[in-house]
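Sending over a structure as structure tokens; questions will come in a sec.
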Amino acid sequence: MREIRQPGAYSYVYGKYEEPIATVKPGETVAIYTKDAFTDQISKETDRPSQIMSNPNPQTGPIYIEGAEPGDTLVARIIEIEPTRDYAVSALIPNFGGLSNTNITRTLNEPIPEKVWIYKLEDGVLTNNKRLSFPWRPFLGTIGTAPALEAISSITPYDHGGNMDVPDVKPGNTIYLPVRVPGAYFFTGDVHGGQGQGELCGVALEISAKVTIQFDLIKNKSINWPRIESDTEYMVVGSARPMEDAARIAYAELIVWLEELGWDKWEAYQALTQIGELYVGNMVDPNYSLVAKIDKKYALID
Amino acid sequence: MREIRQPGAYSYVYGKYEEPIATVKPGETVAIYTKDAFTDQISKETDRPSQIMSNPNPQTGPIYIEGAEPGDTLVARIIEIEPTRDYAVSALIPNFGGLSNTNITRTLNEPIPEKVWIYKLEDGVLTNNKRLSFPWRPFLGTIGTAPALEAISSITPYDHGGNMDVPDVKPGNTIYLPVRVPGAYFFTGDVHGGQGQGELCGVALEISAKVTIQFDLIKNKSINWPRIESDTEYMVVGSARPMEDAARIAYAELIVWLEELGWDKWEAYQALTQIGELYVGNMVDPNYSLVAKIDKKYALID
Amino acid sequence: MREIRQPGAYSYVYGKYEEPIATVKPGETVAIYTKDAFTDQISKETDRPSQIMSNPNPQTGPIYIEGAEPGDTLVARIIEIEPTRDYAVSALIPNFGGLSNTNITRTLNEPIPEKVWIYKLEDGVLTNNKRLSFPWRPFLGTIGTAPALEAISSITPYDHGGNMDVPDVKPGNTIYLPVRVPGAYFFTGDVHGGQGQGELCGVALEISAKVTIQFDLIKNKSINWPRIESDTEYMVVGSARPMEDAARIAYAELIVWLEELGWDKWEAYQALTQIGELYVGNMVDPNYSLVAKIDKKYALID
Amino acid sequence: MREIRQPGAYSYVYGKYEEPIATVKPGETVAIYTKDAFTDQISKETDRPSQIMSNPNPQTGPIYIEGAEPGDTLVARIIEIEPTRDYAVSALIPNFGGLSNTNITRTLNEPIPEKVWIYKLEDGVLTNNKRLSFPWRPFLGTIGTAPALEAISSITPYDHGGNMDVPDVKPGNTIYLPVRVPGAYFFTGDVHGGQGQGELCGVALEISAKVTIQFDLIKNKSINWPRIESDTEYMVVGSARPMEDAARIAYAELIVWLEELGWDKWEAYQALTQIGELYVGNMVDPNYSLVAKIDKKYALID
């Protein structure tokens, strides 16, 4: 299997303005190496992210998908995520996080303290201390394609994907992404060894990894927002502020998906009212990401 | 077991201004009869909620809890919820719902159409048609106590509980509510025979019911927001707008709960980042309700 | 002129559950005495609001308006606001204010410091020091009627009026309020000797006062939200969270007003796009209040 | 005076990825020609923006400012805005606008109707009909510099400026913008012949224009958000969602400005509470823009 490593500087935006680092054919499976959200610069609890870091979330990419054209849908099946080191990192960062004032939610309070936690990875468990010990549940914090015109920071999720921080972007699941430029310009990175819903303090169990993805294309079929399919569920990720707008997008696009599967709009609205699920992926990024889902057994197709 | 029925008009606010309809002792288990959200006035698909209804969500109560004083916590163990009829009702209501303009999110669009669905309840399944068929998963849409001074509409959830529309308020779980007036003034109603997360169109599987609850008191222990405990989880419900404020409240109060259990604040913040869960109870009421939770196996107590 | 003083305890909710303290006839002008937001308990810079205060915003009322019935509109012409003491008070209060974490926008930051400013009122100027010296521009922070069922805290603005903190509620202007219970149950209080738009720290130039108001009734004419009319402008106050919902309400209801004056809906929408004004009354209360306005010279009536 | 016209295709993003179209020296005054928001494609009321338009808000730029380096502040004094045609255009566009469902605030309502208004410009007045007739009050809807890494759509305002739609960006006023890339990469466009606060329907009095701007640089002085100075006021523009975050940013940065002028932080917070102003620039773009201001006579400098 072909391995893709970032040849030079990592990318910190999702855009069409950088040269592709590799070309992949539809149907091909590749292994992509990713750095952690701190570009692997934090390794001990005395390190200070705010001093070390300029840009978070280095991306591996852009990867050019052969034959992808605007109006197609890119399919990324996540086969496997393997750690490339034996520890993960989390941290409190001043002016950042779900229960902190931030650069967007500005207050005059003193910032919260800075703090780093190192988690040892052993036998499928990430452990800092007796209480802070969590199973290895890896997923891709960031995944997406280039917008038509914009270059969007790799800390921001939006309709191209990006920094959604959604735990369902995990091995076994298939991610559908819009193609908006020739070649799609796929990026990924920011592997989390595990994360709660909301990514509360803003820093999950950050780790570098080797990510195995099989790509495919659905020609002449466009989607507005990222979709996820598991063996048992259909999901859509909406990313916006305030959070209710992300919720509206996620459910509205799940209705669009059900309509594509043969449902009537109002009946889909009714079904999701009674059986849909809606969780918070992140409540910390420039847009919040919410995941709406329906169990396939209730999404009966004609 | 004693049965409590509303003797006269139902209540449509959570407040201390109405006379208690019954008095219950701590430790006592009672059966409370509730009407559905439409005061049982919708029974066929040609009925029109907007013409029939003045106030939704009739409450049974207030129920006076003997010995309850401001600063205590009321404990309500939900033992059982039994339907008192064989059908549930859902509906689209103009200017209401998660994917509709509303009286608060005002737009100039024409309202969405009005529509009623009747679900037959049989063998633990609620069925309207082949697609719209869902298991019986009953819970209390509204539950709470009187605020110190306010009388809050039974369509609004806030720190007293009220119309949270949170599916975890279900049999087997224990709800903790703040006591803010002598006697607590407990209300409940709005049973849902099932509901997805978010209660997307604003109307779940509405049904009248007989609700069995065991009450208890924790003296001299106050809580700020409603809590839920299941066999396996600690949960807090935050209700606010915009939705991110509800999320912040839910997680911040779950940290408070963990601190009461012996945790350090920052360590609790870190643990919830990695293993907490956060789902949307409702995205349709005057406040949105979000539920933050942690599995008890990660909430290790000293 | 008749003088109305609160005979006993002040009210801290807008509701129908307390006995009227006075009855006023349509057409009558009365002088109403109000206490400041701290119930006149802060008089020096070493006082600490957080220790002294239980409930802010004591209201004088309810005042029963003879002949007022649900579906009418109450008219309150503010004739004059005279201070009843020679100083005003402002303060920083922990967990409160526009640039602070709050009980609704919860964070883990340490609270901002507590601090009191006393302003001497002399020759129409309120002065604390050389920089903190502002003209006397009095208005009513709170004004409103009782909701149909709820009793709403006097710190919360909503469609009944209440704690809007809108500087246009000032002498010379006419306030229109919905009547939702027989007698309207009018309340007012919380006089500000001046305030910037947004009431940034949450505490304006708080002062006790004698307020002269002429009441009137418009029979069989209902309004949804409070309106203000000056010699030169039509204004509507919308109060909600998030702030964009308050903005939508304010402008949508101003369109309703223009339609009542003979305008087409889409033309009114167009006119307000080009010539409407929209400022923030408060960004600190449980609902934010925004004021949409149009100059009468652009609101041409057929 | 040198005239700058877009030599080829217009730009639709604020970014560093396009080649500069001109270089300007600090101190130099130039005339910049701009197209209207519809790239001048709408000229009669039967035109349909949704069919004609792919990208709105064509920008003239990037203009390279000689000597500008990251960490400097770019100064743009708006000298004059002259129309280059005799009519302006406004429109209702489906799924867009302040009182409409949108692509971000998604609902299932049918879209509002599409409609175009043409305004004749004569003797300083823009007139469509008797009611829709407004004075010529031109300003720049979009103005800004390139972000460090991102390329941001010209419909989005943020900390680089961009599509703020703030009427105070007008002749006589000075705009301060952050420099984040060498040469600053200045863009402008989207002249409005007038606009109400909020730009309610999302389309102001759109017109093509000749814009005279004098540029200058403040070396080694960085600002976080765009500032505006008039003869009598200091202003900051904050752009975010929800709207309260835009309000917080605007006032928090105005406090930063007052601190630079010698103020204590808490005293500035207090002064803005009593005398600050806060209006809505736009309530329709991907971020809302709010303007906080203080009259210079209250911003006393030591």
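Labels for the chains are A, B, C and D, by order of writing; each one numbers its residues from 1.
Note that in this section contacts are C-beta pairs under 8 Å (C-beta built on N, C-alpha and C of every residue); 3 or more make two chains touch, one makes a residue touch a chain.
All figures in this text were calculated on a predicted structure; none of them were measured in a lab.
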item: Chain labels contacting chain A and also chain B; value: C, D
item: Interface residue overlap between copies chain C and chain D, same or different (over half shared); value: same
item: Pair with more cross-chain C-beta pairs in contact, given A-C and A-D; value: A-D
item: Distance from the mean Cα position of chain D to that of chain A, given in whole angstrom; value: 32
item: Chain A and chain C, separation of their C-alpha mean positions in angstrom; value: 46
item: Multi-partner residues of chain D (each touching 2 or more other chains); value: 99, 105-108, 241-242, 248, 252, 255, 266, 269
item: Pairwise touch network: line, ring, star, complete, or other; value: complete
item: Chain A-facing residues of chain B, complex; value: 90, 92, 98-99, 113, 115, 117, 130-132, 134, 194-205, 241-244, 247-248, 251-252, 255, 263, 266-267, 269-280, 283, 288, 290, 292, 298, 300
item: Of chain B, residues touching chain C in the complex; value: 12-13, 15, 17, 55, 104-108, 149-153, 240-242, 245, 248-249, 252-253, 255, 265-266, 269
item: Of chain B, residues touching chain D in the complex; value: 99-101, 105-112, 242
